[in-house]
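The first chain written gets the first letter, and so on, giving A, B, C and D; residue counts start at 1 in each chain.
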(Lines give C-alpha, C1' and ligand atoms only; values in the text may rest on other atoms or scores of the structure.)
Protein backbone atom coordinates (compact mmCIF):
# COMPACT_ATOMS: atom_id res chain seq x y z
CA UNK A 1 0.00 0.00 0.00
CA UNK A 2 1.41 3.34 -0.94
CA UNK A 3 1.95 6.08 1.55
CA UNK A 4 -0.91 8.52 1.82
CA UNK A 5 -0.83 11.98 3.27
CA UNK A 6 -3.57 12.90 5.72
CA UNK A 7 -4.87 16.13 4.32
CA UNK A 8 -5.38 14.95 0.78
CA UNK A 9 -7.02 11.58 0.98
CA UNK A 10 -10.58 11.68 -0.36
CA UNK A 11 -13.00 10.62 2.35
CA UNK A 12 -15.63 7.99 1.72
CA UNK A 13 -18.36 10.27 2.99
CA UNK A 14 -18.57 13.92 4.01
CA UNK A 15 -21.15 15.95 5.91
CA UNK A 16 -21.05 19.70 6.42
CA UNK A 17 -21.56 21.11 9.90
CA UNK A 18 -21.88 24.71 10.95
CA UNK A 19 -20.82 25.91 14.42
CA UNK A 20 -23.55 27.67 16.41
CA UNK A 21 -23.52 29.12 19.94
CA UNK A 22 -25.03 25.85 21.13
CA UNK A 23 -21.82 24.08 20.06
CA UNK A 24 -19.42 26.33 21.96
CA UNK A 25 -18.52 26.85 25.60
CA UNK A 26 -17.28 29.68 27.77
CA UNK A 27 -13.73 28.93 26.66
CA UNK A 28 -14.81 30.51 23.36
CA UNK A 29 -14.30 27.30 21.38
CA UNK A 30 -16.35 24.30 20.32
CA UNK A 31 -17.17 22.25 23.43
CA UNK A 32 -15.21 18.99 23.21
CA UNK A 33 -18.17 16.61 23.55
CA UNK A 34 -20.00 18.34 20.71
CA UNK A 35 -17.63 16.78 18.20
CA UNK A 36 -19.16 13.41 19.07
CA UNK A 37 -22.48 14.85 17.95
CA UNK A 38 -20.89 16.02 14.71
CA UNK A 39 -19.39 12.58 14.14
CA UNK A 40 -22.77 10.95 14.74
CA UNK A 41 -24.50 13.23 12.25
CA UNK A 42 -21.98 12.15 9.62
CA UNK A 43 -22.49 8.44 10.42
CA UNK A 44 -26.27 8.73 10.24
CA UNK A 45 -26.10 10.73 7.02
CA UNK A 46 -23.77 8.08 5.62
CA UNK A 47 -26.10 5.18 6.46
CA UNK A 48 -28.98 7.13 4.99
CA UNK A 49 -26.97 7.79 1.84
CA UNK A 50 -26.52 4.02 1.54
CA UNK A 51 -30.29 3.58 1.63
CA UNK A 52 -30.42 2.48 5.27
CA UNK A 53 -31.44 5.30 7.61
CA UNK A 54 -31.30 4.15 11.24
CA UNK A 55 -35.07 4.38 11.55
CA UNK A 56 -35.40 1.81 8.75
CA UNK A 57 -32.69 -0.39 10.26
CA UNK A 58 -34.71 -0.57 13.45
CA UNK A 59 -38.18 -0.81 11.91
CA UNK A 60 -37.33 -3.36 9.24
CA UNK A 61 -34.33 -5.22 10.62
CA UNK A 62 -34.77 -4.71 14.36
CA UNK A 63 -31.20 -3.53 14.84
CA UNK A 64 -29.39 -0.48 16.14
CA UNK A 65 -25.77 0.58 15.89
CA UNK A 66 -24.39 1.61 19.24
CA UNK A 67 -20.99 3.10 19.96
CA UNK A 68 -18.65 0.59 21.59
CA UNK A 69 -15.51 2.65 21.72
CA UNK A 70 -14.19 6.00 20.59
CA UNK A 71 -10.67 7.33 20.55
CA UNK A 72 -10.55 11.02 19.75
CA UNK A 73 -7.71 13.49 19.38
CA UNK A 74 -8.31 17.21 19.58
CA UNK A 75 -5.75 18.93 17.41
CA UNK A 76 -7.07 22.46 16.86
CA UNK A 77 -10.02 24.32 18.35
CA UNK A 78 -13.19 24.99 16.36
CA UNK A 79 -14.80 28.42 16.59
CA UNK A 80 -18.20 30.04 16.39
CA UNK A 81 -19.50 30.25 12.79
CA UNK A 82 -16.88 27.85 11.47
CA UNK A 83 -17.97 25.81 8.47
CA UNK A 84 -16.68 22.32 9.20
CA UNK A 85 -16.41 19.13 7.19
CA UNK A 86 -17.03 15.84 8.95
CA UNK A 87 -15.51 12.92 7.13
CA UNK A 88 -15.87 9.19 7.45
CA UNK A 89 -14.07 6.16 6.11
CA UNK A 90 -14.86 2.52 6.78
CA UNK A 91 -11.84 0.77 8.25
CA UNK A 92 -13.10 -2.67 9.15
CA UNK A 93 -16.34 -4.50 8.55
CA UNK A 94 -17.01 -7.33 11.01
CA UNK A 95 -19.99 -9.61 11.37
CA UNK A 96 -21.66 -7.52 14.04
CA UNK A 97 -19.39 -4.50 14.21
CA UNK A 98 -17.86 -1.71 12.18
CA UNK A 99 -14.76 0.36 12.61
CA UNK A 100 -14.68 3.84 11.19
CA UNK A 101 -12.10 6.53 10.85
CA UNK A 102 -13.61 9.97 11.20
CA UNK A 103 -12.29 13.46 11.32
CA UNK A 104 -13.45 17.05 11.39
CA UNK A 105 -11.70 19.55 9.19
CA UNK A 106 -11.83 23.29 8.48
CA UNK A 107 -10.34 24.59 5.27
CA UNK A 108 -8.28 21.42 4.96
CA UNK A 109 -6.92 21.58 8.51
CA UNK A 110 -7.76 18.67 10.80
CA UNK A 111 -9.41 19.81 14.04
CA UNK A 112 -10.37 16.41 15.37
CA UNK A 113 -9.42 12.86 14.45
CA UNK A 114 -11.35 9.87 15.73
CA UNK A 115 -11.53 6.11 15.58
CA UNK A 116 -15.02 4.77 16.22
CA UNK A 117 -16.12 1.18 16.82
CA UNK A 118 -19.82 0.50 16.38
CA UNK A 119 -21.67 -2.62 17.45
CA UNK A 120 -24.77 -3.84 15.69
CA UNK A 121 -27.30 -4.92 18.34
CA UNK A 122 -30.91 -6.02 18.40
CA UNK A 123 -33.00 -2.99 19.27
CA UNK A 124 -34.99 -4.77 21.96
CA UNK A 125 -32.29 -6.37 24.07
CA UNK A 126 -29.12 -4.59 22.89
CA UNK A 127 -27.41 -7.96 22.30
CA UNK A 128 -24.94 -8.35 19.40
CA UNK A 129 -26.72 -8.92 16.08
CA UNK A 130 -25.51 -9.59 12.54
CA UNK A 131 -25.34 -6.55 10.29
CA UNK A 132 -28.32 -6.92 7.92
CA UNK A 133 -27.14 -8.44 4.60
CA UNK A 134 -28.67 -5.65 2.53
CA UNK A 135 -26.60 -3.06 4.40
CA UNK A 136 -23.52 -5.29 4.45
CA UNK A 137 -23.63 -5.50 0.69
CA UNK A 138 -23.76 -1.72 0.41
CA UNK A 139 -20.90 -1.32 2.84
CA UNK A 140 -18.76 -3.67 0.79
CA UNK A 141 -19.65 -1.94 -2.46
CA UNK A 142 -19.21 1.40 -0.85
CA UNK A 143 -15.70 0.59 0.30
CA UNK A 144 -14.83 -0.91 -3.06
CA UNK A 145 -16.19 1.93 -5.11
CA UNK A 146 -14.56 4.62 -3.09
CA UNK A 147 -11.19 3.17 -2.27
CA UNK A 148 -10.51 0.97 -5.25
CA UNK A 149 -10.15 -2.09 -3.04
CA UNK A 150 -11.84 -5.34 -3.83
CA UNK A 151 -12.51 -6.67 -0.36
CA UNK A 152 -15.13 -5.54 2.07
CA UNK A 153 -12.45 -4.84 4.65
CA UNK A 154 -11.56 -1.47 3.20
CA UNK A 155 -8.57 0.67 3.90
CA UNK A 156 -9.06 3.76 5.95
CA UNK A 157 -9.95 6.75 3.89
CA UNK A 158 -9.00 9.26 6.56
CA UNK A 159 -5.44 8.35 7.58
CA UNK A 160 -3.82 10.77 9.95
CA UNK B 1 -54.58 36.12 49.90
CA UNK B 2 -51.82 38.33 51.14
CA UNK B 3 -49.29 39.85 48.82
CA UNK B 4 -46.14 37.82 48.46
CA UNK B 5 -42.81 39.05 47.30
CA UNK B 6 -41.04 36.99 44.67
CA UNK B 7 -37.66 36.43 46.22
CA UNK B 8 -38.86 35.17 49.57
CA UNK B 9 -41.65 32.73 48.89
CA UNK B 10 -40.65 29.22 49.92
CA UNK B 11 -40.74 26.95 46.89
CA UNK B 12 -42.53 23.63 46.93
CA UNK B 13 -39.45 21.83 45.70
CA UNK B 14 -35.84 22.79 45.10
CA UNK B 15 -32.97 21.14 43.23
CA UNK B 16 -29.38 22.35 43.19
CA UNK B 17 -27.58 22.69 39.88
CA UNK B 18 -23.95 23.53 39.27
CA UNK B 19 -22.80 25.30 36.08
CA UNK B 20 -20.16 23.44 34.08
CA UNK B 21 -18.46 24.31 30.79
CA UNK B 22 -21.03 22.11 29.04
CA UNK B 23 -23.73 24.54 30.19
CA UNK B 24 -22.13 27.68 28.82
CA UNK B 25 -21.57 29.13 25.37
CA UNK B 26 -19.02 31.37 23.68
CA UNK B 27 -20.89 34.42 25.00
CA UNK B 28 -19.38 33.42 28.36
CA UNK B 29 -22.76 32.77 29.98
CA UNK B 30 -25.10 29.84 30.47
CA UNK B 31 -26.54 28.87 27.08
CA UNK B 32 -30.23 29.78 27.07
CA UNK B 33 -31.61 26.34 26.17
CA UNK B 34 -29.68 24.75 29.01
CA UNK B 35 -32.10 26.25 31.53
CA UNK B 36 -34.76 23.95 30.11
CA UNK B 37 -32.52 21.06 31.09
CA UNK B 38 -32.17 22.50 34.58
CA UNK B 39 -35.94 22.89 34.85
CA UNK B 40 -36.44 19.28 33.75
CA UNK B 41 -34.00 17.97 36.33
CA UNK B 42 -36.00 19.74 39.02
CA UNK B 43 -39.31 18.32 37.73
CA UNK B 44 -37.95 14.77 37.59
CA UNK B 45 -36.39 15.09 41.05
CA UNK B 46 -39.72 16.38 42.32
CA UNK B 47 -41.73 13.47 40.91
CA UNK B 48 -39.16 11.08 42.33
CA UNK B 49 -39.40 12.80 45.73
CA UNK B 50 -43.14 12.13 45.59
CA UNK B 51 -42.45 8.42 45.10
CA UNK B 52 -43.11 8.45 41.36
CA UNK B 53 -39.92 8.55 39.29
CA UNK B 54 -40.73 8.82 35.59
CA UNK B 55 -39.39 5.33 34.94
CA UNK B 56 -41.96 3.96 37.37
CA UNK B 57 -44.72 6.10 35.87
CA UNK B 58 -44.00 4.53 32.51
CA UNK B 59 -43.36 0.95 33.68
CA UNK B 60 -46.29 0.70 36.07
CA UNK B 61 -48.81 3.21 34.75
CA UNK B 62 -47.84 3.41 31.08
CA UNK B 63 -47.74 7.20 31.08
CA UNK B 64 -45.25 9.94 30.33
CA UNK B 65 -45.33 13.64 31.05
CA UNK B 66 -44.45 15.67 27.99
CA UNK B 67 -43.95 19.42 27.77
CA UNK B 68 -46.89 21.13 26.07
CA UNK B 69 -45.83 24.73 26.49
CA UNK B 70 -43.12 26.79 28.13
CA UNK B 71 -42.90 30.50 28.67
CA UNK B 72 -39.50 31.55 29.91
CA UNK B 73 -38.02 34.91 30.86
CA UNK B 74 -34.28 35.41 31.07
CA UNK B 75 -33.59 38.07 33.67
CA UNK B 76 -29.90 37.73 34.52
CA UNK B 77 -27.13 35.63 32.99
CA UNK B 78 -25.74 32.55 34.74
CA UNK B 79 -21.98 32.01 34.79
CA UNK B 80 -19.47 29.18 34.88
CA UNK B 81 -19.20 27.58 38.36
CA UNK B 82 -22.39 29.24 39.59
CA UNK B 83 -24.28 27.24 42.21
CA UNK B 84 -27.91 27.59 41.18
CA UNK B 85 -31.20 26.68 42.80
CA UNK B 86 -33.99 25.40 40.60
CA UNK B 87 -37.40 25.82 42.19
CA UNK B 88 -40.81 24.45 41.37
CA UNK B 89 -44.35 25.16 42.48
CA UNK B 90 -47.52 23.46 41.29
CA UNK B 91 -49.95 26.02 39.93
CA UNK B 92 -52.74 23.98 38.49
CA UNK B 93 -53.59 20.29 38.53
CA UNK B 94 -55.89 19.17 35.72
CA UNK B 95 -57.15 15.73 34.80
CA UNK B 96 -54.42 15.07 32.26
CA UNK B 97 -52.20 18.09 32.68
CA UNK B 98 -50.15 20.09 35.16
CA UNK B 99 -49.06 23.68 35.28
CA UNK B 100 -45.90 24.55 37.11
CA UNK B 101 -44.13 27.72 38.01
CA UNK B 102 -40.37 27.29 37.97
CA UNK B 103 -37.44 29.54 38.41
CA UNK B 104 -33.68 29.45 38.66
CA UNK B 105 -32.00 31.57 41.31
CA UNK B 106 -28.48 32.39 42.46
CA UNK B 107 -27.96 33.78 45.94
CA UNK B 108 -31.62 34.81 46.03
CA UNK B 109 -31.54 36.59 42.67
CA UNK B 110 -33.85 35.25 39.98
CA UNK B 111 -31.99 34.40 36.76
CA UNK B 112 -34.82 32.71 34.95
CA UNK B 113 -38.57 32.50 35.50
CA UNK B 114 -40.73 29.98 33.69
CA UNK B 115 -44.27 28.72 33.34
CA UNK B 116 -44.46 25.11 32.23
CA UNK B 117 -47.50 23.14 31.08
CA UNK B 118 -47.10 19.37 31.10
CA UNK B 119 -49.43 16.85 29.49
CA UNK B 120 -49.84 13.35 30.80
CA UNK B 121 -49.89 10.96 27.82
CA UNK B 122 -49.85 7.22 27.29
CA UNK B 123 -46.27 6.20 26.61
CA UNK B 124 -47.13 4.12 23.55
CA UNK B 125 -49.27 6.51 21.52
CA UNK B 126 -48.62 9.88 23.20
CA UNK B 127 -52.37 10.48 23.50
CA UNK B 128 -53.75 12.37 26.54
CA UNK B 129 -54.06 10.10 29.59
CA UNK B 130 -55.38 10.61 33.13
CA UNK B 131 -52.75 11.36 35.73
CA UNK B 132 -52.44 8.12 37.75
CA UNK B 133 -54.55 8.42 40.96
CA UNK B 134 -51.63 7.49 43.23
CA UNK B 135 -49.61 10.41 41.89
CA UNK B 136 -52.62 12.72 41.83
CA UNK B 137 -53.14 12.10 45.51
CA UNK B 138 -49.54 13.01 46.26
CA UNK B 139 -49.78 16.15 44.15
CA UNK B 140 -52.86 17.27 46.07
CA UNK B 141 -51.27 16.52 49.42
CA UNK B 142 -48.07 18.09 48.26
CA UNK B 143 -49.78 21.34 47.36
CA UNK B 144 -51.83 21.31 50.54
CA UNK B 145 -48.93 20.58 52.82
CA UNK B 146 -46.72 23.18 51.36
CA UNK B 147 -49.04 26.06 50.71
CA UNK B 148 -51.66 25.58 53.37
CA UNK B 149 -54.41 25.36 50.78
CA UNK B 150 -57.05 22.67 50.92
CA UNK B 151 -57.76 22.16 47.25
CA UNK B 152 -55.61 20.40 44.73
CA UNK B 153 -55.45 23.55 42.66
CA UNK B 154 -52.64 25.04 44.66
CA UNK B 155 -51.38 28.57 44.66
CA UNK B 156 -48.15 29.25 42.87
CA UNK B 157 -45.16 29.03 45.07
CA UNK B 158 -42.89 30.98 42.80
CA UNK B 159 -44.70 34.24 42.05
CA UNK B 160 -42.78 36.73 39.99
CA UNK C 1 -54.59 43.51 7.27
CA UNK C 2 -56.14 40.45 5.78
CA UNK C 3 -56.51 37.21 7.65
CA UNK C 4 -53.69 34.75 7.06
CA UNK C 5 -53.72 31.07 7.68
CA UNK C 6 -50.81 29.57 9.54
CA UNK C 7 -49.76 26.77 7.30
CA UNK C 8 -49.53 28.72 4.11
CA UNK C 9 -47.80 31.94 4.94
CA UNK C 10 -44.36 32.14 3.32
CA UNK C 11 -41.73 32.50 6.00
CA UNK C 12 -39.11 35.21 5.83
CA UNK C 13 -36.33 32.70 6.32
CA UNK C 14 -36.08 28.93 6.42
CA UNK C 15 -33.40 26.51 7.61
CA UNK C 16 -33.48 22.73 7.20
CA UNK C 17 -32.75 20.55 10.23
CA UNK C 18 -32.39 16.79 10.35
CA UNK C 19 -33.24 14.80 13.50
CA UNK C 20 -30.39 12.64 14.82
CA UNK C 21 -30.20 10.39 17.89
CA UNK C 22 -28.58 13.30 19.74
CA UNK C 23 -31.85 15.24 19.33
CA UNK C 24 -34.14 12.59 20.78
CA UNK C 25 -34.81 11.21 24.25
CA UNK C 26 -35.92 7.92 25.76
CA UNK C 27 -39.55 8.90 25.11
CA UNK C 28 -38.70 8.17 21.46
CA UNK C 29 -39.31 11.74 20.32
CA UNK C 30 -37.29 14.93 19.88
CA UNK C 31 -36.27 16.18 23.33
CA UNK C 32 -38.20 19.38 24.03
CA UNK C 33 -35.22 21.64 24.73
CA UNK C 34 -33.59 20.66 21.45
CA UNK C 35 -36.10 22.76 19.55
CA UNK C 36 -34.50 25.82 21.09
CA UNK C 37 -31.26 24.72 19.44
CA UNK C 38 -33.08 24.34 16.12
CA UNK C 39 -34.58 27.81 16.50
CA UNK C 40 -31.16 29.26 17.25
CA UNK C 41 -29.62 27.67 14.17
CA UNK C 42 -32.29 29.32 12.07
CA UNK C 43 -31.70 32.72 13.67
CA UNK C 44 -27.94 32.53 13.18
CA UNK C 45 -28.34 31.35 9.59
CA UNK C 46 -30.73 34.24 9.02
CA UNK C 47 -28.34 36.87 10.38
CA UNK C 48 -25.57 35.36 8.29
CA UNK C 49 -27.80 35.44 5.21
CA UNK C 50 -28.22 39.17 5.85
CA UNK C 51 -24.45 39.60 5.78
CA UNK C 52 -24.07 39.80 9.57
CA UNK C 53 -22.92 36.52 11.10
CA UNK C 54 -22.80 36.78 14.89
CA UNK C 55 -19.02 36.52 14.89
CA UNK C 56 -18.87 39.66 12.76
CA UNK C 57 -21.46 41.41 14.93
CA UNK C 58 -19.23 40.85 17.92
CA UNK C 59 -15.87 41.48 16.27
CA UNK C 60 -16.86 44.58 14.34
CA UNK C 61 -19.73 46.05 16.32
CA UNK C 62 -19.05 44.65 19.80
CA UNK C 63 -22.61 43.37 20.22
CA UNK C 64 -24.35 40.08 20.86
CA UNK C 65 -27.98 39.08 20.62
CA UNK C 66 -29.15 37.29 23.71
CA UNK C 67 -32.51 35.65 24.29
CA UNK C 68 -34.72 37.68 26.63
CA UNK C 69 -37.87 35.61 26.49
CA UNK C 70 -39.29 32.62 24.67
CA UNK C 71 -42.82 31.31 24.53
CA UNK C 72 -43.02 27.92 22.90
CA UNK C 73 -45.90 25.59 22.13
CA UNK C 74 -45.32 21.93 21.40
CA UNK C 75 -48.04 20.75 19.04
CA UNK C 76 -46.79 17.47 17.60
CA UNK C 77 -43.75 15.32 18.40
CA UNK C 78 -40.74 15.18 16.11
CA UNK C 79 -39.12 11.81 15.40
CA UNK C 80 -35.75 10.31 14.60
CA UNK C 81 -34.69 10.96 10.96
CA UNK C 82 -37.38 13.59 10.44
CA UNK C 83 -36.47 16.29 7.95
CA UNK C 84 -37.68 19.50 9.57
CA UNK C 85 -38.05 23.07 8.38
CA UNK C 86 -37.29 25.86 10.84
CA UNK C 87 -38.92 29.13 9.87
CA UNK C 88 -38.50 32.67 11.05
CA UNK C 89 -40.38 35.92 10.61
CA UNK C 90 -39.50 39.30 12.06
CA UNK C 91 -42.41 40.65 14.09
CA UNK C 92 -41.04 43.77 15.70
CA UNK C 93 -37.83 45.69 15.35
CA UNK C 94 -36.99 47.86 18.34
CA UNK C 95 -33.98 50.04 19.05
CA UNK C 96 -32.15 47.39 21.03
CA UNK C 97 -34.43 44.39 20.62
CA UNK C 98 -36.11 42.13 18.10
CA UNK C 99 -39.21 40.01 18.24
CA UNK C 100 -39.40 36.97 16.04
CA UNK C 101 -42.03 34.42 15.24
CA UNK C 102 -40.52 31.01 14.65
CA UNK C 103 -41.86 27.58 14.02
CA UNK C 104 -40.72 24.09 13.16
CA UNK C 105 -42.64 22.15 10.54
CA UNK C 106 -42.58 18.70 8.96
CA UNK C 107 -44.29 18.19 5.63
CA UNK C 108 -46.34 21.32 6.23
CA UNK C 109 -47.46 20.31 9.73
CA UNK C 110 -46.46 22.60 12.56
CA UNK C 111 -44.59 20.74 15.32
CA UNK C 112 -43.54 23.73 17.37
CA UNK C 113 -44.51 27.38 17.39
CA UNK C 114 -42.47 30.00 19.22
CA UNK C 115 -42.27 33.68 19.97
CA UNK C 116 -38.74 34.88 20.67
CA UNK C 117 -37.57 38.21 22.03
CA UNK C 118 -33.90 39.01 21.53
CA UNK C 119 -31.95 41.79 23.17
CA UNK C 120 -28.97 43.41 21.54
CA UNK C 121 -26.27 43.85 24.19
CA UNK C 122 -22.66 44.95 24.28
CA UNK C 123 -20.53 41.81 24.26
CA UNK C 124 -18.34 42.91 27.16
CA UNK C 125 -20.89 43.93 29.77
CA UNK C 126 -24.14 42.48 28.40
CA UNK C 127 -25.85 45.86 28.74
CA UNK C 128 -28.50 46.92 26.20
CA UNK C 129 -26.96 48.27 23.00
CA UNK C 130 -28.39 49.75 19.80
CA UNK C 131 -28.72 47.34 16.92
CA UNK C 132 -25.90 48.29 14.53
CA UNK C 133 -27.28 50.56 11.74
CA UNK C 134 -25.94 48.34 8.97
CA UNK C 135 -27.89 45.38 10.30
CA UNK C 136 -30.94 47.50 11.08
CA UNK C 137 -31.06 48.59 7.49
CA UNK C 138 -30.99 45.01 6.30
CA UNK C 139 -33.70 44.00 8.76
CA UNK C 140 -35.93 46.77 7.48
CA UNK C 141 -35.28 45.88 3.86
CA UNK C 142 -35.65 42.24 4.65
CA UNK C 143 -39.06 42.71 6.21
CA UNK C 144 -40.14 45.01 3.40
CA UNK C 145 -38.97 42.74 0.64
CA UNK C 146 -40.56 39.68 2.03
CA UNK C 147 -43.83 40.92 3.38
CA UNK C 148 -44.61 43.81 1.10
CA UNK C 149 -44.76 46.23 4.01
CA UNK C 150 -43.03 49.56 3.94
CA UNK C 151 -42.13 50.00 7.57
CA UNK C 152 -39.40 48.26 9.46
CA UNK C 153 -41.93 46.96 11.94
CA UNK C 154 -42.93 44.05 9.79
CA UNK C 155 -45.92 41.80 10.16
CA UNK C 156 -45.34 38.32 11.38
CA UNK C 157 -44.68 35.85 8.65
CA UNK C 158 -45.49 32.81 10.75
CA UNK C 159 -48.89 33.50 12.33
CA UNK C 160 -50.43 30.63 14.19
CA UNK D 1 2.61 -3.38 42.45
CA UNK D 2 -0.05 -5.85 43.43
CA UNK D 3 -2.84 -6.80 41.12
CA UNK D 4 -5.98 -4.78 41.60
CA UNK D 5 -9.43 -5.68 40.49
CA UNK D 6 -11.37 -3.02 38.63
CA UNK D 7 -14.55 -2.85 40.60
CA UNK D 8 -13.03 -2.48 44.00
CA UNK D 9 -10.30 0.07 43.77
CA UNK D 10 -11.18 3.23 45.70
CA UNK D 11 -11.23 6.18 43.34
CA UNK D 12 -9.41 9.40 44.10
CA UNK D 13 -12.55 11.45 43.54
CA UNK D 14 -16.20 10.64 42.96
CA UNK D 15 -19.19 12.66 41.73
CA UNK D 16 -22.78 11.47 41.65
CA UNK D 17 -24.79 11.92 38.47
CA UNK D 18 -28.46 11.21 37.93
CA UNK D 19 -29.83 10.25 34.49
CA UNK D 20 -32.60 12.51 33.17
CA UNK D 21 -34.51 12.44 29.88
CA UNK D 22 -32.05 15.03 28.57
CA UNK D 23 -29.28 12.41 28.90
CA UNK D 24 -31.00 9.67 26.93
CA UNK D 25 -31.80 9.08 23.28
CA UNK D 26 -34.48 7.28 21.27
CA UNK D 27 -32.56 4.03 21.71
CA UNK D 28 -33.81 4.19 25.30
CA UNK D 29 -30.32 4.45 26.81
CA UNK D 30 -27.92 7.21 27.82
CA UNK D 31 -26.72 8.97 24.68
CA UNK D 32 -23.06 8.11 24.20
CA UNK D 33 -21.71 11.66 24.06
CA UNK D 34 -23.43 12.53 27.32
CA UNK D 35 -20.87 10.50 29.24
CA UNK D 36 -18.28 13.07 28.23
CA UNK D 37 -20.44 15.64 30.02
CA UNK D 38 -20.56 13.40 33.09
CA UNK D 39 -16.78 12.99 33.00
CA UNK D 40 -16.34 16.76 32.75
CA UNK D 41 -18.59 17.39 35.74
CA UNK D 42 -16.42 15.05 37.78
CA UNK D 43 -13.20 16.77 36.66
CA UNK D 44 -14.54 20.23 37.46
CA UNK D 45 -15.87 19.07 40.84
CA UNK D 46 -12.48 17.54 41.53
CA UNK D 47 -10.54 20.73 40.73
CA UNK D 48 -12.99 22.68 42.87
CA UNK D 49 -12.53 20.21 45.71
CA UNK D 50 -8.81 20.93 45.50
CA UNK D 51 -9.51 24.63 45.96
CA UNK D 52 -9.08 25.50 42.28
CA UNK D 53 -12.39 25.87 40.47
CA UNK D 54 -11.84 26.51 36.76
CA UNK D 55 -13.20 30.03 37.07
CA UNK D 56 -10.45 30.81 39.57
CA UNK D 57 -7.82 29.10 37.41
CA UNK D 58 -8.73 31.42 34.57
CA UNK D 59 -9.29 34.61 36.61
CA UNK D 60 -6.20 34.31 38.79
CA UNK D 61 -3.81 32.22 36.75
CA UNK D 62 -5.01 32.90 33.21
CA UNK D 63 -5.14 29.22 32.32
CA UNK D 64 -7.70 26.70 31.10
CA UNK D 65 -7.60 22.94 30.90
CA UNK D 66 -8.70 21.70 27.51
CA UNK D 67 -9.23 18.11 26.45
CA UNK D 68 -6.43 16.88 24.19
CA UNK D 69 -7.49 13.28 23.81
CA UNK D 70 -10.09 10.87 25.09
CA UNK D 71 -10.31 7.14 24.73
CA UNK D 72 -13.62 5.80 25.91
CA UNK D 73 -15.06 2.29 26.13
CA UNK D 74 -18.79 1.73 26.45
CA UNK D 75 -19.33 -1.48 28.39
CA UNK D 76 -22.95 -1.39 29.53
CA UNK D 77 -25.81 0.99 28.74
CA UNK D 78 -27.04 3.56 31.27
CA UNK D 79 -30.77 4.04 31.68
CA UNK D 80 -33.27 6.74 32.62
CA UNK D 81 -33.29 7.47 36.39
CA UNK D 82 -30.04 5.59 36.99
CA UNK D 83 -27.96 6.92 39.86
CA UNK D 84 -24.41 6.86 38.54
CA UNK D 85 -21.00 7.37 40.11
CA UNK D 86 -18.36 9.16 38.10
CA UNK D 87 -14.87 8.42 39.32
CA UNK D 88 -11.52 9.96 38.63
CA UNK D 89 -7.92 9.02 39.29
CA UNK D 90 -4.81 11.00 38.35
CA UNK D 91 -2.51 8.86 36.24
CA UNK D 92 0.20 11.22 35.15
CA UNK D 93 1.09 14.77 36.03
CA UNK D 94 3.17 16.54 33.42
CA UNK D 95 4.43 20.11 33.25
CA UNK D 96 1.53 21.35 31.14
CA UNK D 97 -0.68 18.29 30.97
CA UNK D 98 -2.57 15.75 33.04
CA UNK D 99 -3.67 12.22 32.35
CA UNK D 100 -6.71 10.93 34.14
CA UNK D 101 -8.44 7.61 34.36
CA UNK D 102 -12.19 8.01 34.68
CA UNK D 103 -15.10 5.69 34.75
CA UNK D 104 -18.83 5.69 35.27
CA UNK D 105 -20.35 2.99 37.45
CA UNK D 106 -23.80 1.89 38.60
CA UNK D 107 -24.08 -0.29 41.67
CA UNK D 108 -20.46 -1.29 41.28
CA UNK D 109 -20.76 -2.22 37.60
CA UNK D 110 -18.62 -0.25 35.15
CA UNK D 111 -20.69 1.33 32.37
CA UNK D 112 -17.96 3.43 30.82
CA UNK D 113 -14.21 3.53 31.16
CA UNK D 114 -12.15 6.43 29.86
CA UNK D 115 -8.63 7.75 29.60
CA UNK D 116 -8.47 11.53 29.36
CA UNK D 117 -5.52 13.76 28.53
CA UNK D 118 -5.88 17.41 29.48
CA UNK D 119 -3.65 20.23 28.35
CA UNK D 120 -3.12 23.33 30.44
CA UNK D 121 -3.25 26.36 28.11
CA UNK D 122 -3.27 30.12 28.50
CA UNK D 123 -6.89 31.24 28.32
CA UNK D 124 -6.21 34.00 25.80
CA UNK D 125 -4.25 32.17 23.11
CA UNK D 126 -4.80 28.50 23.98
CA UNK D 127 -1.05 27.87 23.89
CA UNK D 128 0.50 25.33 26.29
CA UNK D 129 1.04 26.79 29.76
CA UNK D 130 2.58 25.46 32.98
CA UNK D 131 0.14 24.10 35.50
CA UNK D 132 -0.02 26.75 38.26
CA UNK D 133 2.31 25.72 41.15
CA UNK D 134 -0.46 26.04 43.75
CA UNK D 135 -2.58 23.52 41.89
CA UNK D 136 0.40 21.30 41.10
CA UNK D 137 1.16 21.04 44.77
CA UNK D 138 -2.39 19.97 45.53
CA UNK D 139 -2.32 17.41 42.72
CA UNK D 140 0.85 15.89 44.12
CA UNK D 141 -0.52 15.81 47.66
CA UNK D 142 -3.82 14.57 46.39
CA UNK D 143 -2.23 11.66 44.59
CA UNK D 144 0.02 10.88 47.55
CA UNK D 145 -2.74 11.00 50.12
CA UNK D 146 -5.07 8.82 48.23
CA UNK D 147 -2.80 6.22 46.74
CA UNK D 148 -0.04 6.05 49.27
CA UNK D 149 2.57 6.91 46.67
CA UNK D 150 5.24 9.47 47.33
CA UNK D 151 5.75 10.90 43.88
CA UNK D 152 3.49 13.26 42.03
CA UNK D 153 3.16 10.76 39.21
CA UNK D 154 0.48 8.79 40.92
CA UNK D 155 -0.78 5.36 40.09
CA UNK D 156 -4.14 5.08 38.45
CA UNK D 157 -6.96 4.75 40.89
CA UNK D 158 -9.44 3.37 38.39
CA UNK D 159 -7.71 0.39 36.76
CA UNK D 160 -9.83 -1.61 34.39
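Quick note on the criterion: contacts are C-beta pairs under 8 Å (C-beta built on N, C-alpha and C of every residue); 3 or more make two chains touch, one makes a residue touch a chain.
Treat the numbers as computed from the prediction; the structure is a model and nothing was measured.
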Distance-maximising chain from chain D - centres being C-alpha averages: C
Chain centre separation in whole Å, for chain C relative to chain A (CA means): 31
Separation of chain A from chain D, taking each centre as the mean of its C-alpha atoms, in whole Å: 26
Residue list for chain A, restricted to those that touch at least two other chains: 21-22, 27, 29, 33, 37, 40, 79-80
Chain-level touch network, classified as line, ring, star, complete or other: complete
Contacting residues of chain B [partner chain D, same complex]: 18, 20-22, 37, 40-41, 44-45, 48, 53-55, 79-81
Interfacial residue positions of chain B with respect to chain C in the complex: 27, 29, 32-34, 36-37, 40, 64, 66-74, 77, 123, 126
Partner chain A, residues of chain B touching it in the complex: 21-22, 24-29, 31, 33, 79-80
